[in-house]
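Common to both upcoming complexes is subunit A, partnered first by subunit B, then by subunit C.
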Partner chain A sequence: MTTTAAAPPPAGVVPSSPLRKGGVLRPLRSFRILLPFAALIAVWWAIWASSEFSPQVLVSPVAVWHAFLHLVSYGVLAEYASTSLTMIGFAALLSLVVGVPIGFAVGVNRYAAHALEGFLRFLQGISGIAWLPLAIIWFGFTHTTTLVIVVYTLIVPIVFNTMIGVRAIPEPYMLALRSLGASRLRMVKDVYLPGALPSIVVGLRLGMGYGWRALIAAEMLVRKGGLGDLIFGARTFGQIDRIITGMIVIGCLYVVVDRLIVQPIENLTVARWGVLRQ
Partner chain B sequence: MADDIGPSSRDKIVVSGLRHFFDSAGGSVQATDRVDLAIRAGEFVTLVGPSGCGKTTLLKALAGFIRPTEGTILCDGAPVRGPGRERGVVFQELAILPWRTVRRNIGHGLEIARRPRAEREATVARLIELTGLAGFEDRYPHELSGGMRQRVAVARTWAADPDVILMDEPFAAVDAMTRLTLQEELVRLCAATAKTVFFITHSVDEAVFLTDRVLVMTRRPGRIKAVIDVPGRASGRDWESFKVDAAMQAIVEQVLRLVREERGAATPAAAAGAPA
Partner chain C sequence: MSDAAIERGPAGSGGGPGGRSGPRRTLQQVVWRLLPLTPFALVLLAWVAYWVIARPSAATLPAVQDVAAALWELAVKGELAIHVLASLWRLFLGVALGVATGVIGGFIVGLNKPIAQFLSPLIVFFNAISGIVWLPLVIGWLGIGTALAVFLIWNTVFFIVFQNTVLGVQLVPQVYEQGVQALGGGRWQTLSSVILPGALPYILTGLRSGLGFGWRALIAAELVGATTGLGQMIFGATEYHRSDIIIGGCLLIGLIAIAMDRWLLLPIEQRTIERWGLVFDARKAE
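So, the complex of A and B:
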């Protein structure tokens, strides 16, 4: 939004925001979003109908729908899904609590930032999944192993983006506050935190994406509940319908988490301050 | 000249023998060369000079953001060792915080100083009135025009009530028409508050219009080359009468000549002082 306000708008008029885009075109827009999904289902159906597949290899969308209803009605899906969601939520919280201060400490120190940049990129290259063998040896087939893998995956982008966010804060903001007599704590509260927030949100968003994938992978090996466990367990019995149901739920939950949790944070803060410009 | 800039008991700020070097890719660069100056309490002083002559270096040293390589800066007789509440700064770039509303930006200094809420609100209201920001109190900076943002920056500095205000080309980034208005507003604001102001600019018109005294700086490494008194600030100024005032225009001519000598001067001396 690049509004050059000549005069304040009359009371009651809500200024347009990126949140309110669409309006009349809304039904058309959601149709556009659903179109690729419809195409995928159509292709899947066509392939399935084109020859005689054993139910051990491929099932129809209808069979998956029935499996979904079955899993929901017995509460199985809710249980597995809540295990995964609890884990990602807890891991995200832990990563923020630990990662943001680290990012700050590194960001305010030019030398530390320089020294750690390469190291953080190196760590980003070693995916959480690559840590699974070691984690299983150290922590066994436990929730701890899963948590360690997910936090590791989440925390690297959070630290990295917090650091970048802190370093991108314009110098005059800092100088101006210092000449207003601000203490170090004041600077963190009034300049560093809000200044780095857009970048922290980006880090969290990336981290949630990576972390969700790492979580499913870890659950597949650890086998202590969660959607990864659900689909990997179904493989043992050749339950193709369950596997595909689980996959779809994994994808949907990620979209929901991103849209319902991460994006609202962004809209509440960053978009309102006009820091994010579309 | 010694009389004009020599220290006296009324001096708010005294700079003596200030030399500053900074490191650049091409080695050490000398920004200023033995700057001596004294600013009296309640005085408005402007500093003009060619770009890159060390104006901003001098201001940053006065603000306490940098420590000069050589020389001393005294504020009320005490050496300047860092930034302080008694010396406010208005920057050329946008320095108000985008995540605070106009009201909260202006009141920021008072909030930091932990002044009571009632006092804070009264001061903010007064400055909003003085800077013509009424009606925009709850807007965020990105919703304002460039001129209004600088008004907020000026109001924020004034609200914190420092003795000395340092301004680094604060109106350079706004359009020409808005700049004229902002300059007139600043004249009125200073008349209403009696602050000691040190104002950097590269516009000769602006330097003369706003000030009690114009300091002209040489090109890098900069030192004070001339000091020109501009009488009559107390009786108020506006652009219409300033433009037709022969005495004022003569001063403008004089300052312009002094500045242009530095711009147009032959290169050997420049080559000795600064890398290309």
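So, the complex of A and C:
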């Protein structure tokens, strides 16, 4: 099923593209996906060939391919990429483990939810990256700084959406379970978690969108490994081929993470609990 | 599941819980109104308490009054206004460009299935690298300054608005289109009286979340790619370990973001939604 909602999605959510409709097993699918990129590379090549660009401004697709092979063969790319992926994975896990319980605790009480809503909105307005200067003063140019920034970026939308999700659960469900004598744990397991899950996943997805960018930006400034370091470091030496290689890797990794991990979770929750209808 | 789920307050009455009348109710209303301030007060209290007890150095955690003083000093010197205006101007340019191109592109693509299918992989890919990822490349093309920040914001906002517009355009029920056509409406009339209003709520959702992403991209871009602006103000302060300026700047960044959302976007969005009534979920559910 598609994940398009009947009504506009909650604020701040980029709905999953309706463009990717169509069967998974279409024989022409891989061709359809690759053709636009081939066209793009052709245009890029044409622009590059049309005039004499300094290698500091634009390089040919071939040069990027060579840079890619070079980075791969020395194992540098794998190292940079794994640094970034480990960081975002760890940060996402930490944010979920800490953020979801907070969201539950706040969401079940309407006074707490009302009290915290404005505060969370305020925090969301201060992007994680804005705290980077302070984090650098506190933790130095270390991985800790990056982690703090990314967790901050991820956790705010997760707490916020968990809270919204719990608040949106129809009251009769809770009352029904409570009148049957359900314990707190039982309530969490059978009402809050399934009821709020679609909203939590929305928060996670939004948080990943913010968090991945915050990670790249933080890596650019902290300069302790990671793909952001790779592309920003290449800037200092004017290595455009490396920058473009890094950008392509960043894009591909994000698409893979989003499509292969986050979106299946979303589809699963949506299909199972059917909050968003087609 | 929308923001209004909580804002409406208990029992949807806008006031305190329960429907009792009399002085007790007004008291509860006052408490309800003041409740959002408590987290701020608690943080402030914790900050003051920590500062009084642990006495950290000014570089680690300045006193509350130091932060206020630093902001006041910058404001009096006129520097603050320069930074804020530079940031807002860039945001405005980037968002305006992003919305204009995103909506136009979204209409063209949303109304042409073959084009939509052809472009969709590119859109997915470029959306994944929208924003700050372009900085190292584009800094070499545009140099440091407003053009760079505007490019990054445009790049961020465009994809969000574009995707939402395409979604909105594609989801307008065909019946309405056919209805106008059956009454003799031309292509232009179908566009202006069916598809545009139908897609508007989606476009505005895109604008609202685009502004959120754009504001982040701006601050990130200004950290390295500018000589003025709020991002540069706080990053420049790092060198001198001026935590007071950094914290003050961060608070200001949050305040501006929340003000834009509340007084600019929320009213626009609600007015459109009320007018065209396409949302009926949580706003009335609670």
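Rule of thumb we're sticking to: the second predicted complex is superposed on the first by the 237 of 278 C-alpha atoms of A that agree within 3 Å, B and C clash if a C-alpha of one lies under 4 Å from a C-alpha of the other, contacts with A are read in each partner's own complex, and residues count from 1 in each chain.
The rule we apply is simple: contacts are C-beta pairs under 8 Å (C-beta built on N, C-alpha and C of every residue); 3 or more make two chains touch, one makes a residue touch a chain.
Only a predicted model underlies this, so the values are computations on that prediction, with no experimental measurement involved.
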*What is the contact status of A:Pro36 with respect to subunit B (first) and subunit C (second): first, second, both, or neither?*
second
*Considering only the touch criterion stated at the top, classify A:Pro133 as touching first (subunit B), second (subunit C), both, or neither.*
second
_Contact breadth on subunit A, by residue count: subunit C or subunit B_ = C
*Just subunit B (first), just subunit C (second), both, or neither: which does A:Asp190 touch?*
first
_In the overlaid three-chain picture, which partner chain does A:Leu180 touch, first (subunit B) or second (subunit C), both, or neither?_
first
*Touching partner for A:Ser199 - first (subunit B), second (subunit C), both, neither*: second
*Classify the contacts of A:Pro172 with the two partner chains as first (subunit B alone), second (subunit C alone), both, or neither.*
first
*Once the complexes are superposed, what residues of subunit A are shared between the subunit B interface and the subunit C interface?*
4, 7-8, 170, 275
*State the interface residues of subunit A toward subunit C in the complex, per the touch definition above.*
4, 7-15, 17-20, 22, 32-37, 40, 56-57, 110-111, 113-119, 121-127, 129-134, 136-138, 163-165, 167-168, 170, 198-199, 202, 209-210, 213-214, 216-217, 220-221, 231-232, 234-235, 238, 240, 243-244, 246-247, 250-252, 254-255, 258, 275
*Which residues, counting only subunit A, touch subunit B once they are in their complex?*
1-8, 170, 172-173, 175-183, 186, 190-191, 194-195, 197, 269, 272-275
*Which of the residues in subunit C end up touching subunit A in this complex?*
1-3, 5-7, 9-10, 17, 32, 35-40, 59-60, 116-126, 128-129, 131-137, 139-141, 160, 163-164, 166-168, 170-171, 201-202, 205-206, 208-209, 212-213, 215-217, 219-220, 223-224, 231, 234-235, 237-238, 241, 243, 246-247, 249-251, 253-258, 261, 269, 273, 278-282, 285-286
*Considering the complex alone, what residue numbers of subunit B touch subunit A?*
63-65, 82-85, 87-89, 91, 93-99, 108-109, 112-113, 135-136, 139-145, 148, 153, 156, 160
